[in-house]
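Both complexes below contain chain A, partnered by chain B and then by chain C.
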Partner chain A sequence: MDITEVPVSQYNKGKKKKTKTPKKKRVSGEGNVEGGGVETKEEQEEKMEKSEQAAAAFPPSFSVSEIKNKQRRHLMFMKFKQEKRKQKLQLKKKKKKEREALGDKAPPKEVPKTIENQRVYDETTVNPEDEEVAFDEGTDEFCSYFNGLTNPKVLITTSDRPRGRTVRFCEQLATVIPNAYVYYRRGLALKRVVPQCIARNFTYVMVVNEDRKVPNGLVLCHLPDGPTAHFKVSSVRLRKEMKRRGKEPTEHSPEVILNNFSTRLGHSIGRLFAALFPQDPQFVGRQVATFHNQRDFIFFRFHRYIFKNEKKVGIQELGPRFTLKLRSLQKGTFDSKFGEYEWVLKVTELRDTCTESFVSL
Partner chain B sequence: VSNLNKSDSKIGNLLFCLTKSQNFCRNEYNITGLCNRSSCPLANSQYATIREEKGQCFLYMKVIERAAFPAKMWEKVKLSKNYEKALEQIDENLIYWPRFIRHKCKQRFTKITQYLIRMRKLVLKRQRKLVPLSRKVERREKRKEEKALIAAQLDNAIEKELLERLKQGTYGDIYNFPVHAFDRALEQQDEESEEEEEDEEEEEEDDEDVGKSEFVAEDEVEESDLSDFEEMNKLRTSSDEEEQESSEEEEEEEMEVETKASKSKGKSPANGSAARKKRAYVEIEYEQETEPTPKSRAT
Partner chain C sequence: MGDTSRLCSVWLGSETGILKGVSLSRKQAFNFCNTSHLSRDQEVRALCWGDPAESELLVGSVDGTVKTFSTEKGSFTETRRCGDPADGCFTGLAVLRGSALVSCVECGTLRVWKEDSSEPVTELSAGKNVCRMRQSPVHPHKVATGGKENGLKIWDLESPEKPVFTAKNLRDDWLDLRRPHWVRDMAFIPGTDKVVTCTGYHQVHVFDPSSPQRRPVLEVEYGEYPLTALSLTASGDTVVVGNTHGQIALLDLRKGLVRGCLKGLVGGVRGLQCHPSQPVVASCGLDRFLRIHSLEDRKLQHKVYLKSRLNCLLFSSRDLEEPAGEGGAQEVKEEEEGDEVWDSMERVEEKPKRKTTEEEEELQKKKSKKKKKN
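And then the complex of A and B:
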C-alpha cells in the first residue's frame, strides 16, 4: 500500500510546538510522505519504497520506522494510522454508494474468509459412497452394535477420590445415557476393572478424570477390545447452572445427532459416540443428544425438541453440556504402556499447525 | 558430649557452626538435623550417626583418637536388615557412649526404616503420573474453543438437522402435518394460483387442529410448567376437541394433565409465563370454551 498522501503542512503544524523543523519541501499532488523532522542526509538519499509515481515524487522519502526519536516516531505512526483508517472508511462509503446506485444489478456481496472456508482439503475425508470405508465399518469393532446384536451398557466411573462436581457430573451423564451405571472407583486399577466389566457384559467404560475438583478428562473405552479414546473435557455445565432449562431428562432413549465427523478419524470417533446410545431412539421422548464437531472441538448438548409446525422447531436445553477435544485414540482397550496408538494429538507451541484439523471438515 | 579436646571448647557455644541455616544443620553427618551445640558433628569429637544408602543402613562413628586422620575419621558399620538385630548392633557398638547419642541414633534408625517401608509400599500401588500443562497452550486452546463455539452455531445446526429428519420421514407418522405442509410450501414458492392454496388451507385447518391437539396433550404431560389459565383453557378445549381420535390412553393423559394443572394453579403466573417464553408454544384454534367436566382431582 502506498504511504499515505499527507499534505506536509499538517506535519508542520503538529511539529512546530515540539521541535524546530527544517523547512520542508512541498509535495506536489500525490507525492509521497516527506521526511518530517528527519535530519539525516542518508534518509534523504534513500530511495522511496513503493513509489509508483516515481516521476512526480520529489526527494526520497523514508518509512516511519526510521525516525530515531521515539516520541516523534510514535506521533508519525499514529498519524499514518489515522490516515489509513480514514481512507478505508472513504472506500467503504464509496462502495456502499455504488452498490445502492446499482440496485439490483450490484455484484453479490463478497463472502468473508473464515477458517472453514480457508481450510486445506483433508484427503482423509470420507466419501459417502466409499466402498472401502463401508467395508471397514462393516467389520470393525462396532459392527455388532450397528447390526443390532448388542445393546449398549455403559459403566461410568471417575478417577480416585472424586469431588462434588465430578460426582454430580457423572450422575447427570448417567441420566442422559440410557442403561448407564455409575460406580465408585475406590482406587482400583483400570486394567483390572476392564476384564471385570467384560465379564459382566458391559459395552463401554467411561472414566471421568478429575483435577482440582473439576472434571477435565474422559477416557472412553469400548469393551470387547474396542478402541479407547482419551479426551480433554472443558467447560462442563451441570444442569443447575443452565439457564432456561427444562425438566429432568426422562427414561426415553434419545436420538443422536453427529455433526461434521467427516474424516476417517472423525468417522471412527463418530461411531464411538453413536454406539453409546441404543439403536432405536424413542421419538416419543423427543430428546436429542448432539455431538457437534467444530474445529476439532466436540460440543455435546442435550435438548428436548418440539415441532411447532413443519418449518419450525423449538429446542430446550436440558441435561449437562461439555466440550471434548480428542487427545489420543488407541486400538485396543485401555493400556497406556503397550497400547497401539492410532492417533495422538501433537501438542506443539508452533502457530501454523492450528490451521489443520483432524477430526472434522 | 563435651570431651577433652581443646578445639571443642574453643568453638564455644555461639559461633560453632558455619553450615547453619535457620536452626537446621546442613552437615550430612548430623544426627538430629538441628543445629545445636550437642548435635553438631563438627563441634563434638565423639559422635555417631545413622545414614542409609540405597536401602541399606549404616552406623557411622567418630572418635577422638582418629581426629588427626580425617580420611579415616568415620567408622562405618553395616546394620542388619532385621530391625531388632540392628538395634542390638547399635547398642553394642555404642556401649559406654553418652545417652543422648545412643538415643538419637536409635530414633533416627527407626525413622529411616519407616520411610523405607513406605517407599516399598508405594511402588506397588498405582503410580500417578503427573503430566505438566503448558499455560500458553491452555490459554490458546481456551480461546480457540470459544471461537469454535461461536462458529458452530449449535442451535441452528440442531434445528436444521431435526427439520431435515422430519422431512425425510424418519419420524414416521407421529407428527401429522408434514405431507400437506410441504406441498403447500412448494406451491407458495412456485407462486401458483391462489385457489389451490385456499383449498389446501381449508383442508389443512382441520388437519392441523387434529394434529395439534394430539400434540398438545403429549406436550402437557411432559412439561408441566403450566400455571397460566390460558394454558389450562387451551388444554381443556383441546381435550374437548379430541372427540374423533380420543382413545383411552388420551383420556388417561387428560386426567394426568388435569391433576397437574390443578396442582400448578397455585404457582404465580409470572413464573410460568417467563419460563414458557423460550419454549415452543403451540397455537391452537379452538372454537368454544366449554365448561370443564368436573373430574376427580386430588385423589
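And then the complex of A and C:
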C-alpha cells in the first residue's frame, strides 16, 4: 500500500511546485527589471503566503521534519496529513462512482488481506474422516474422559506467595470450572504435588504463575499421565474490571465452545480444554465458556445467554476474560527437565523463517 | 502392496502400531498395516533389517512380538514371540549371522533366538533399565547395552558370560558428589573399537575399550535437555545428536565441538539415522514429522507428515532419490547429463575469465592511448 501511495503524493507535490515556480520566476524577473523596488518585494512575500495557505506545498526534496520551528512543523505536518486524507477520500469516491456506473459489470471487490486468509495451508489439518488420526485420538490420554469414564476434578494453585490479582484470578477460575478446588501452594514442588493429586483422583492440576503481582503463565497438567501444556497468560480482565457484566455465575456446568482448533496440535489442545469441564452441560444454567483460537492466541470468554423472546437471544459476559498462548506441550505429567516435548515454541527459528502467517494450532 | 513397498527408502515405526514406508523420490508415504484392528499394543519400538539384502524388515512391538515384514511382498509374513510383555518393551533388535535374532528388553534381558525355536539359545542380563541395545556393524556378534544407572557394557555374544567392556562412572564432581549416569543411545565408531554414547544429562561420551581407561576418553556437552538419539555419519568423525526439545546438533568427535545445528523440528527426537552412503540425516519424533536434512549445508530437504508419533526409523541403503521404476531412472540420467554439461562449463569458464579481464584491460589501455593520441 505504501509503495503505491508515495509516488502519488510526490507527483502532486511536483505539480504544485511546477505551478508555483513559474510565478516566482516571473516575480523575480519583474523585480530585476524594475531594479529591486520595495513594492515588488512585498508583493513577492504576499504571493508566497497565499500559495502556502492555498495548499501545503513543498519542493520535492523537502520534508516536514526539516522545519526547525516546532509549531510550524506541527502545522505543516497536519496540513500534509489532511491533504493525504483528502486524496484518499477522493480516490475512494471515484472508485465508488466507477463501480456504480458499471453496475453489474463491475469487477468483484478485492478481498482484504488478513493474517487469517494469508495463512499457509497446514498439512497437519485434521481430516475428520481420517481413520489413523481418529484412532490416535480415540486412544490418547483423554479417552477415559471422552468415553465418560472419569469426571473432571481440577486443582488450581499458584506460584509461591500469590498476590492481589492472581489470587482473585484463581478464585474466579474456580467459579468458571465446576468441581475445581483452589489450594495455597505452600512452597511445594509441583513434582511432589502431582502424585498426591493422582492419589486423590484429581484429573487436572492448574498452576497460575505470577510476575509483579500479575498472572503471566499457566501450566495445565492432565493427570494421571499427561500431557502438560504451558501457556503464556496475558490481558487478564477480572470480573470487577468489566463493564456491563452480569451477576455472579451459578454452579451449573457450562457449555464449552472450542473455535478454530483445526490442526493436529490444535486438536490435542482443544481436547485438553474440553476435558476440563464436565461432559454433559447443564443448559439450565445458560452459561457458556468459549475458547477461541485466532492466530495461535486462545481467547477465553465466559458468557450467559439472555433469551429475550422465542427468536431473539443475547449474551451477557460474566468474566473473567484472558488470552492464552501456547509455549510448549509436553508428553507425560509435569517434568520440565527430563520430559519429552511434543511441541515447543521456538521464537528464534520462527524469526528466521520470516513467516508471519505461521500458525500451528 | 508389493509395488509400493519396493519403492520405499525410509521405514518408520509409529506409536499407533503402524509401519510406515516413505518414498522420497515420489514424495509419498504408505501405511503397511491392517487399519481395521489397530491397537496400542502393536506400538513399534524397534526396527532392523532381517537380511543384508534388505528384503525383510523385523518389527519389534510393545507386546513382545517380532514381526517379519517382507518388502518384496509388502506384507507381514511371520510373527514370533520373543519374550514376555511384562519384561518391558524392546530396546533393540539385531540379526546375527545365520538368521539368529538378538533382542533386548527394558528390564535388561538380552536373548539370542535361533530360527524355529521358541526358547532362546543364550540369555544374559545386562542390568536394569536398559535404554538401548546396538549391534556393531563390523563385528555382528558384538553388542552394546546401556541405560539409566546402568553404564555402557559391550558384550561378545560368542562368550556371553562376562561383558567385554564395562564402563566406569564419571569421576565425582568438584563437590565430591556422585554423578548420575543414564545412557540413552550409543553407536560403534567404524574402523576403531570406540563407542560413542549420549546421555540423559546432555553429554556425549566416547569410550575406548582398547585403552586401559574405562572412563570416557572424550566428553562433550550439548544443550541443557536430555539427549535421546544419536547417529554416526558415514565418515565416522561426526555424530548427530537430538534431544527432547527437538534440537539436533552435529558434534565433531575429534575435538568435541559443535559443528552446527539442524533446524525445523518442533518436538522431541525419538529416532535419528544417517544415510550409509549419502550425506543426509533423517529424524523423527513426537512432532509426527519425518525430516531429512542435508549434512553438508544443514538445510531441510524433505518434510513428511505421518499422522502418528514416530518411535524409530530405518534407512534402506540404496540411494534415496533413485526410484525403482524406469521413468525415474531416466530422470536421474537426465540430471546426470545436466551435471556433465555443468562440469564442462566450469572447465571452460575458469581460464577464459582471466583472459577476458586481461583483454578488457588491454582494450582499455588501447582506448586510452587512442584518446591520448587524439
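Assume the second predicted complex is superposed on the first by the 246 of 361 C-alpha atoms of A that agree within 3 Å, B and C clash if a C-alpha of one lies under 4 Å from a C-alpha of the other, contacts with A are read in each partner's own complex, and residues count from 1 in each chain.
Keep in mind that, in the parts below, a contact is a pair of C-beta atoms (placed from the backbone, for glycine too) under 8 Å apart; a residue touches a chain by one contact, two chains touch by 3 or more.
This one's a predicted model, so the numbers in the text were calculated from it and none came from an experiment.
Contact with chain B, but none with chain C, is seen for A:347 once the two complexes are overlaid on the shared chain. Between chain B and chain C, B contacts the larger number of chain A residues. By the document's definition of touching, of the two partners only chain C reaches A:338; chain B does not.
Of the two partner chains, chain B is the only one touched by A:235; chain C is not.
When both complexes are overlaid on chain A, the residue A:171 reaches neither chain B nor chain C.
Once the two complexes are laid over each other on the shared chain, residue contacts for A:295 go to chain B alone; chain C is not touched.
Shared-chain residue A:264: touches chain C; no touch with chain B. By the touch criterion stated above, A:135 is placed in contact with chain C alone, chain B being left untouched. In the superposition on chain A, A:187 makes contact with chain B only, while chain C stays out of contact range. Overlap of the chain B and chain C interfaces on chain A comprises residues 349. Chain contact summary for the complex, chain A toward chain B: residues 114-116, 187, 189, 234-235, 244, 246-247, 250, 255, 257, 259, 283-284, 286, 288, 290, 292, 294-297, 299, 301, 303-316, 323, 325, 347, 349, 354. Against chain A, the residues of chain B that register as touching in their complex are 126, 134, 136-137, 140-142, 144-145, 147-149, 151-152, 154-155, 157-159, 161-163, 165-166, 171-172, 174-175, 177-178, 181-182, 185, 218-219, 222-225, 275, 278-282. Note for the complex: chain C touches chain A at residues 15-16, 18, 31, 35, 38-40, 200, 225-226, 228, 244-246, 263-264, 266-268, 286-288, 305, 307-309. Against chain C, the residues of chain A that register as touching in their complex are 123-124, 130-133, 135-136, 139, 264, 331, 337-344, 346, 349, 352, 360.
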